[in-house]
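Down below are the structures I want you to see.
In what follows, chain A forms one complex with chain B and a second complex with chain C.
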Partner chain A sequence: MATLVQAVRLALHYGEEHLGVTDVFGEDVGPPLGGVFTATQGLRTAWNSPLDERGIIGMAMGIAYAGGRPVAEIQFCDYGFNVIDLLKVAGNQYWAGAGQYPLPMVVMTPSGSGIRGSLYHSHSFESWASRLPGWKIVMPSNALDAYGLMLSAIEDPNPVLVLLPKALLRVRGEQRLPGEPDDENELKERIDAPVGEARTTWQPRWPKMEPYFVPIGKASTVREGDACTVISYGRTLPLAVQAADELATELGNRAEVIDLRSIFPYDWKCISQSVSKTGRLLIVNEDTEVTNFGEHLLRRVIEHHFYDLLVRPRLLAGKHVPGIGLNQVYEQNTVPQLRHIKQAMSEVILEQA
Partner chain B sequence: MMTRLYRELLKIRRAEEEVARAYPTDRIKSPVHLSIGQEAVSVGICWALNPDDIVYGTYRGHALYLARGGDLREMVAELYGKLTGCTRGKGGSMHLIAPERGVMGMSAVVGTTIANAVGHAYAMKVRRQEAIVASFFGDGATEEGVFAESLNFAALKKLPVLFVCENNGYAIHTAQAKRQGSLDLCAKASAFGVPGRSIDGSDIEAIISTARETVNEVRSGQGPRFLEVRTYRWREHVGPNTDFALGYRSEDECSSWIANDVLPRVAARLDQDERRAIEAEVEAEIADAFAFAEASPFPPASELVRDVYKEEAPCCN
Partner chain C sequence: MNSDPLTGDDAVAILPTLVYSGRESLPLEQCLTIHRLMVRARVMEERMIKMSKSGLGHFWIGGPGEEAFNVALGLQIRRGQGPRYDYLHLHYRNSALMLALGMPVIESIRQMAMTATDSHSLGRNFVGHFCKREWNVIPVTSVIEVQYAMAPGTALMQKRLPDSEGVTVVLGGEAGTAEGDFASCLIWSTLPGREVPVLIVVTNNGYGISTPACSVHSERHVVDRGIPFGVPGEVVDGNDPIRAWHAVERGLMHCRATRTPFFLEANVSRLFGHSSSSGALRDRTQEDPIERFERILLDEGVDRGHLDQMHEDAHTEVEQAVEQALNEPMPRPEDVERYTYAASRPEIDAVYPDDYTGLPN
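For the complex of A and B:
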């Protein structure tokens, strides 16, 4: 099966061939590297920008204004802070131009912890991004969703931010992408650039990919259950699934795990129905906890489902510290790990109503 | 040529004088940054542009919008915050647009449109379009990182973009000499590989002839060019009044620019009947635009959620 990052690459290839993508660009996005995480290797329209985040977003806007369909990469979302002004302007433009300037642009950026990136390669960005009206924001947690969300992002007429959980980029999917070869070694041999001398003349041999769209704004219920609702996305999603599976065995109580997939617009219907059913809610993400996007979901659940809730709803998030320290003791105590998620989940499930 | 030139310059001047006159009545809902004294920059540069060329501007943008043929009614209505304004009362004076005239936008966030102009020029070059992009900004914007970033990329890719620095000497209340270690803006552009020229903004014919030469260079694929046009803002940074009482600049400094005003010098080259006819037409047009704005409705509250996204607001219901 394709890894998450291979899925992104295949989606971008599909976008170039079938969805009108004109430019895939960013720092070291073009040859020879093809992106720090290899998301853009071998792509026909990939090119290297100057080391310049404001230039990247500003140019993506200009290309979109001119009728192009750019996909720009910010190498790490931590560098998105350099360019928050232009991200703000990009989200405003359609509205501020009274509907006269659609900006069909995609910005993708690796987000979150998990590669021992320390201070400025580990931040989360979804809470910041959720404060940029006009943007849609998605975050896949597996390869197939990454493929389907990327195609939807490319096709969307609005600016879309694709947050890629960097801890999961090399994780293989459990479902085959439409068009992906059966043999993962064959896929690797076809689309992963070789290391060393051979790279200079390398050309990818793309498999014939087929379209697959994950609608933006649609969550996925990955475990059904009635013991509690768990909402997560990105790196913490597979951990929440694992915790739910372990607790199902240990306690016999099945948690309902929702992969939100879209931060905005988010799937309120899915959340609402699940909370109505379970009366118990745990939200898990790894962004810092103060004015965390999960707090918005909590607020909405409390306002709409106060009388449906059996126990206190909770948010398990990252600690409100300046960054993630290099040593794994720092990292593992800053952002939720499996044991924290399992602990929080069992508390929500077991608390007396 | 002089006839059209006079009409364009006069229309901007008189429109802004009327804005200033109406401002204290609070009918105008937008803060206004007037270009009075700087009209020749927009008019002169746009003179050298083709109808399908693209411009990006600054929050002091009335002159650019009008010089490109933006609709006066829609501009005044926009200042009034009316539904009939060019952005339906959302952006106001600082965010005028006229897509049909290639006026892509202006921004209150200084410098941001420079990067947009460069991206636009990149897309046009890739598609081998003939049109070019003119990016207008002030002397203050040259201190923003995005100025350096944009010039670097434009030079690297030899993009069809004309950078126009409308240097009025002040970023709000701080003179260029109190903000910049080197005042030579052309040298800064040149350091990025963008050849630059500096022009006296009181000399409309010099602006036009230099703009034509420079635009030809850009259009013929020689890469980006930089023009500094030295000019002067007569009124306060924002608002309808003068601001000499603040003490950051002297009235004498302004007087020399007023003495060199382009408008009467162009007027003097027309015969009197022609001149009067133009003046009457311009006054009628301005009166019509203000009457249009007065009569137009304010937006209903439902406008608020329109155009947040291309499709009807996907608001998580």
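For the complex of A and C:
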């Protein structure tokens, strides 16, 4: 099966061939590297930009104004902070001109911890991004969703931010992408650039991919249960699933795990129905906990489901510290790990109503 | 014009064909067209300053003092929609350019009056913050310099079109060039082998709000910053429409023909200070490009009466526009969320397939 990053690449290829993508660009995005995480290897329209995030976003906006369909990469979301006002402007252009200029642009950026990235390669971005009205923000946690959300991001006529969980980029999917060859070695041979000399003459042999759209704003319930609702996305999602599976065996209580997939718009129906059913809620993400996007979801749950809640709802998030230290003692104790998630989940499940 | 501008007579007059500024010249008829646009822009701006002071609008910012350069530029723009035409990434002082493109006065007045009929922003944005897609006018933001980061993008799309002469024009003040976005513009417009046709304009009025440029900038001319990038450029007296016309013509011709950038620095006046926040009072120490141009036209034998008539006509036109705009509907509460999102499709966006409708539910 394709890895998450291969799925992104295949989606961009499909986008170039069938959805009008005109430019895939950013720092080290073009040949020879094809992206520091290889997301853009072999793409026909991929090119290397100057090392200038503001220039990257400005360029994407300009291309989109003039009828192109750009996909721009910010190499790590940690470097998106110096461009936050331009992102804000990109989000307001359709509104500012009262509907004159839609801005069909995609920005993708690796987000979150999990690759021992220390202070400047471990940030999360979704809480910041959720404060950019006019944008749509998605964060897949598996290869198939990455493929389907990327295609939707490209098709959507608005700016869409695709946050890619760094820690999961090399994780293989459990479901085949439409068009993906059966044999994962064959896929690798066809679309992964070789290292060394061979790369200079290498050309990808793309499989014939098919369209597959995951609607923006649609969550996926990955475990059904009634012991509690767990909402997560990105790196912490598979951990939440694992914790839920382990607790199901150990306690016999099944948690309902929702992969939110879209930060904005989020799937309120899915959240609301699940919380109505379970009366217990745990939200898990790894962004810093003060003014965390999960707090917004808590607010809505409290406002709409106050009387449905059996126990106090909780948010498990990253600590409000300036960074994630390199020594793994830091990372393990700054952002939620399996043991933290399992602990929090069992508390929510077992608390006396 | 009804009567002959030289003599005031209805009789056919013998016009001098050319009006000179140094060695450069323009036909008199064209000078009169430029003059009329400059006056209309000025009268419109002065009326809007009044609106801001009398409660018929709030904040005012605009371009009095920049009319000569803006009209000269506006009249040479290839106006239309899409990359075959010129893209305009404007500053907030370009009302005279918009009038030169053919914008009716009332469009500005409506934005000042924040009416629902404001076609540029539905009563949302400050005056002078134009957006007009049919003329490739990208929404003006108050965020200084961001337009310079975007301009290479529209220019790249224009460069890709075969047989196209469309160019991108980006404008801003000199203080803003200290922002990184200005450097981005130079860098991204000159990627080796991928240079793009962008006319980089800096209108230099010598101030960023209250800070004199000379107190925070040590470069001799802003235009010198193009040198290391190989961007040719020139400094022009932007208060002289004849010189401005030819500088703009050279710049645009360069961009149209070579598909590479050109840099134009225009020295201009700022006649009412920065904005209404600084009082919008007339600054008599600044040269007035209209008065200066009128002296030249009078020297050429143009009749004072004709020039006065232009002012009178402009006042009538602007008053009518104000009267009309003030009777037009205002935005409604339900307009708040409108146009947050462009329409998508339910299989692409399950929550907002059309537009934003409040928090997801």
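Heads up, the rule we're going with is that the second predicted complex is superposed on the first by the 353 of 353 C-alpha atoms of A that agree within 3 Å, B and C clash if a C-alpha of one lies under 4 Å from a C-alpha of the other, contacts with A are read in each partner's own complex, and residues count from 1 in each chain.
Everything that follows uses one rule, which is that a residue touches a chain if its C-beta (ideal position, glycine included) is under 8 Å from a C-beta of that chain, and two chains touch if they have at least 3 such contacts.
Note that the structure is a prediction, hence the values are computed from the model and not measured.
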{"item": "Chain A as common anchor, with chain B and chain C clashing or fitting", "value": "clash"}
{"item": "Chain B versus chain C as contact partner of A:Met59, first or second or both or neither", "value": "both"}
{"item": "Contacts of A:Val195 with chain B and chain C, given as first, second, both or neither", "value": "neither"}
{"item": "On chain A, positions contacted by chain B and by chain C", "value": "22, 49-50, 52, 54-55, 57-68, 70, 85-86, 89, 93-102, 133-134, 136, 157-158, 216-217, 265-269"}
{"item": "Complex interface listing, chain A residues touching chain B", "value": "22-23, 49-50, 52, 54-55, 57-68, 70, 85-86, 88-89, 93-102, 133-134, 136, 157-158, 216-217, 264-269"}
{"item": "In the complex, chain C residues that touch chain A", "value": "82-83, 87, 118-122, 124-125, 129, 131-133, 138-139, 141, 143, 146, 148-158, 168, 180-181, 184, 187-188, 191, 338-352, 356, 359-361"}
{"item": "Residue ranges of chain A touching chain C (in the complex, touch as defined)", "value": "22, 49-50, 52, 54-55, 57-68, 70, 85-86, 89, 93-104, 133-134, 136, 152, 155-158, 213, 215-218, 262, 265-269, 300"}
{"item": "Residues of chain B touching chain A in the complex", "value": "54, 86-88, 90-91, 95, 97, 99, 104-105, 107, 109, 112, 114-124, 126-127, 145-146, 149-150, 152-153, 156, 306-311, 314-317"}
